[in-house]
Amino acid sequence: MQPERIEQLLHYYKDMLRIRYFEEKILNYMLPNKLFRGSSHLCIGQEAVAVGAIHAMEAEDYLYTTHRSHGHTLARGMDMEAAFAEIMGRTTGVCHGRGGSMHLADASLRILGANPVVGSNIPMAAGSALALKMQGKPGIVVAFFGEGALNTGACHEAFNMAALWDLPVVFICEDNQYAISVPEATAMADEDLHERAAAYGMEGLRLDGMNVLEVYEYCRASFGKTRRTGRPALLVFDTYRFVGHHTADSEQYRPKDEAIEVLREKDPVHFVEREFLEDCLVDPEKAVDIRLEIKEEVEAAFQRALNGPWPDPEKLTEGLWAESEVTCDE
Amino acid sequence: MSDQGREVVFAQAIRTALREEMKRDESVILWGQDIGVYGGVYGATTGLQREFGKERVRDAPISEMAIAGLAVGSAILGMRPVVEIMYADFLMHASDAIANQAAKWRYMSGGQFKVPAVFRSPGGGGSGYAAQHSQNIEAWFCHIPGLKVVCPCMPRDARALLKTAIRDDNPVVFLEHKSHYTHRGPMPKEEETLPLGKADVKRQGSDVTLVSWSRTLLWALEAAERLQDEEGVSVEVIDPLTLRPLDLDCILESLGKTGRLVIAHESHAFCGVGGEIIAQIAENHLDLLKAPPKRVCAVPCPLPYSEPLEKAALPDADNIAAAIRKVVG
Amino acid sequence: MQPERIEQLLHYYKDMLRIRYFEEKILNYMLPNKLFRGSSHLCIGQEAVAVGAIHAMEAEDYLYTTHRSHGHTLARGMDMEAAFAEIMGRTTGVCHGRGGSMHLADASLRILGANPVVGSNIPMAAGSALALKMQGKPGIVVAFFGEGALNTGACHEAFNMAALWDLPVVFICEDNQYAISVPEATAMADEDLHERAAAYGMEGLRLDGMNVLEVYEYCRASFGKTRRTGRPALLVFDTYRFVGHHTADSEQYRPKDEAIEVLREKDPVHFVEREFLEDCLVDPEKAVDIRLEIKEEVEAAFQRALNGPWPDPEKLTEGLWAESEVTCDE
Amino acid sequence: MSDQGREVVFAQAIRTALREEMKRDESVILWGQDIGVYGGVYGATTGLQREFGKERVRDAPISEMAIAGLAVGSAILGMRPVVEIMYADFLMHASDAIANQAAKWRYMSGGQFKVPAVFRSPGGGGSGYAAQHSQNIEAWFCHIPGLKVVCPCMPRDARALLKTAIRDDNPVVFLEHKSHYTHRGPMPKEEETLPLGKADVKRQGSDVTLVSWSRTLLWALEAAERLQDEEGVSVEVIDPLTLRPLDLDCILESLGKTGRLVIAHESHAFCGVGGEIIAQIAENHLDLLKAPPKRVCAVPCPLPYSEPLEKAALPDADNIAAAIRKVVG
């Protein structure tokens, strides 16, 4: 492996660890201590897609994510303190506590938002791509969603319009095999999910989503093509979530050891570690250091977030209306 | 109602109604996301797939338009589908099927068809699900002629009303509250039904009439108790149960005694059911009002995630008590 | 040609004429004389699909149609007087004047209704097929719609569910090349419309819709297959409407002589006539007699319909609520 | 407003506003079914594709969810889409994009984004389009915080308000009336805008306040004239223009003079805007009412096709006059 490649891998490794530790903090500490409300959807097991795809993006690109947004937002560079604080509902949160775990957004990073209404971010992403195209701006829009979203009417309508109007948008479907408790085969009439793109004359690929370098390469190629041609594409990544759908999921719908087994064989974080360690690219001690360093970074961000002030109830409606010559009655 | 029965949670009451009706009538069938093995995200269908099989209890794709549209089509041919839309916010996706098709199919055909479909869905805030998973949109469906809309609070009522809704030959939108599935209340062992369109006086009183439904009824009752205990104000609390058809008579009767009206609901005030009740009274029974009526509703704002903000946005016993004080003051 | 075949063709010919004359009455007489309201969508040019497909159905089958429903409903046997009366808004109309041209329905013929909300009849048809399946009844459901409906989310969601749940429903897409003024290529990213079925592992065929006997044979085969297997299918018939989208259409969106040319070459009614006459299967004079006979039949039904009484405004809300122990407030 | 200007039809007023704003601001773009060569089924976009090209004026597939969803996404990145939903009934398909996304995107992000999208759509009955092509559902969108809702009647107002709606940085639902596109009224040559949230007194009067909007305002004005001429009743007619934010002050000011209130709208009464106005007045200004207020709305029933039935279902000048007589009587 070339040194740059090792650097690259190290960089991705750190990002994946950051996401993993961030979410483990939610699962193992914030959940039992009731530090967040509603539900939080973890992407443990899916980090390679997030990190590989996000790193294939340029600074000029935009992205939309879903209820399962931590991977995408952190890989894109969302400040961990601000992300934690948002999930805790603090005013230092990236959305000032208005959004919570399901609504992370950061305009400065061109993260146009997490949309937990399954499928609804797909037309929005196409619309943002239309904006870029009409403004003559460079850049593409990337929309992440789960395989369950492929069954929504919104998805179908937007695929057709994106292909019809030649919009620079790449649709990334993270096929983690379940929509909450519903296995793919129970919800999709056909298992060749990427084939749905064909109905719109759009390129559709099914790819392995567990190897971060491969994900990066696939996305790099696909994004580049979209950048050049202005045409949309659908990338379906096979992946798996090792934890429950959300933090309250009892997981009785899948065999008890299914997750453990996939985890053992395919954990995308271990995968990188194996590449490192087995090929002796990285000194095992350095690997330990890295893990410690990231863990501390996550912990520090978490602690800072904990100190964030609560929003002022007096400012409840702040941010509802954009200023115009007339604002609303209330 | 006879025997009070044992305590059950709200989810259990829904499950009981579904189970009883499925046993009673083969044409009752269910589908919705995660209602099978998973038993529904709030447990309202736990065990039903095991008991009634995968044909009668189906997990559905994330396809709300089709979930609701198939319900309409199957109801037209005599089935009694009870479909679950996982969050009431997503009733918007299903709104063409419910409000354009189910509500109108019979009338447009000159009365040739019946559409005995039930659309169940949990709405409501209070547990940090934020703006897109917390809405109460009963007003939307109440606005559309051809639909019945039910919004129960007490487990016993929920079971009895859901059974009637399933047997009703018209489409019914049956709205539950996501933060309320673990609320406990008595439910008799024996089957019982309640008619749609009849309100229930949950608490007798003589100074003010307080109308409230869904989970907010709990805060209404709490406020009523507190005002009685602390200030000697006697509050009559009415649960309409069905919001459309609305049992205005029950409210009027109470108003005849009290002359004062407060309405509390978690949904937004603007074009909401509370405003409708006030408007109907102002139009036809203005003389009954001894004081201006008051509404206690959500602050007009998408529901925020953060706890202090969410609390500030939603009605609670304090707001309701304050409104009552104003109305009697 | 065998005698039965000639009989069959004659029968279809009469049905096609009935539809054609029915609609010509609307276009040439009712329109200028303002005998109907709103808009009426004619299927002149598309009669072969309606007649061929409907005759391939059994009595036990059900159907849904759209805003463009005259062909399907008349071929299925809707009483012409009741159909005319409905379009005139008379109480003798098949829906007692509640529905009008866009809402023809006749439970006795298993016409479950016309649905002018494009795409919305597709999930309903799947739902009715589910009812048949669960009730263990024989019969299939046939849903007609235009190619424009393929772009609706409802269509996509219902295709997936019909294929997933093995529902006995056949989707018939009448591709008349336009959705109002919008040519297919302006609205569909891919022109192989029948390929959309493939995304759901469903059979999809693209067929000629101008030869009534062929339509019949295709449908017979497809309906039979659905009857046997319980699986849905999509049949896309190429056809053309010779008149405006509706009776108020100025048609400036298509070349002035496009319709005339297609008409000259492909009119499905003339097509049958040519088969008859050129092959001397039917005595040309008899053909004239048939035309006269049908014309008179249509005229007589029209005249009877004209005498139908207007609905009583006092009965405005009649038929809204099905009787239950409680009816509505108003 | 200065010069009255020449007479134009309502469709022309809409077209003028679109054209002026498109010339003024490159980011204004349009899409919708048949808005290109066809010019929209009611002619509101005639010639715009020829003038501004196929990029800025796009024919869209029959995909209302995506039509509206793309509008939201493009607005977030600074475009000013004005999309047309061919019939207001199909706003239901678009309701997730409008009410769940556009209305909330800014708030949920803590104020990071703006969504300057306009959703135009014609509703309304009166021309025999029957139950699924005739609804007025302004109440649905008024119920949702985060949306502005405009419902003009007069061509001049429509042009001035649509221009403001396009320039507004918030999502606006702009509702037209399908039977009203050929209604004529004066429109000045020079550009003019009107603020959202300000009502207009269309006719001065001292005995009754009559609030009405969209096409029904015509019947309201007719009723007012007739009552003045025939019975000497002086009716003040108010057009709210924007239904949300609602200019209650304007109504209150009039009510201060008249003490009597009638509200007439074609949409259904139950949970409608008329009820909301009455409720707000009853809650906070009950003392202003010298008599019970009255609503004149559609009969609660899907709109029938047949002319005598449709006429019976919808408000007209006679109903309105009768309601006024009751209120002053």
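A, B, C and D are the chain letters, set down in written order, and residue numbers restart from 1 in every chain.
Methods note: a contact is a pair of C-beta atoms (placed from the backbone, for glycine too) under 8 Å apart; a residue touches a chain by one contact, two chains touch by 3 or more.
Just so it is clear, the structure is predicted and the values come from calculations on it, not from any experiment.
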Between B-C and C-D, the pair with more C-beta contacts: B-C
Distance-maximising chain from chain D - centres being C-alpha averages: A
Whole-Å separation of chain centres (CA-atom averages), chain B against chain D: 30
Chain A-chain B separation of Cα centroids, rounded to whole Å: 36
Computed distance of Cα centres, chain C from chain B, in Å: 40
Contacts with two or more other chains, residues of chain B listed in rising order: 60-61, 63-66, 89-90, 93, 96, 100, 107-108, 130-132, 145-146, 244, 300-302, 304
Sequence positions of chain C contacting 2 or more other chains: 93, 95, 97-99, 103, 115, 117, 151-154, 157, 160-161, 164, 186-188, 320, 328, 330
Residues on chain C engaged by chain B in the complex (per definition of touch): 62, 93-99, 103, 105-107, 112-113, 115, 117, 120, 122-132, 134-135, 141, 153-154, 157-158, 160-161, 164-165, 318-330
Chain D - residues contacting chain B, complex: 65, 89-90, 92-93, 95-96, 99-100, 103-104, 107-108, 130-132, 137, 139-140, 142-146, 244, 268-276, 278-284, 286, 289, 291-295, 300-302, 304
Touching residues (chain side chain B, partner chain A) in the complex: 33-34, 36-38, 41, 59-66, 89-90, 93, 127-133, 299-302, 304-309, 311-313
Residues of chain A touching chain C in the complex: 151-157, 159-164, 186-190, 195-196, 198-202
For the chain C and chain D complex, residues of the former touching the latter: 36-39, 86, 89-91, 93, 95, 97-103, 115-119, 148-149, 151-153, 179-182, 186-188, 252-253, 310-313, 316-317, 320, 328, 330
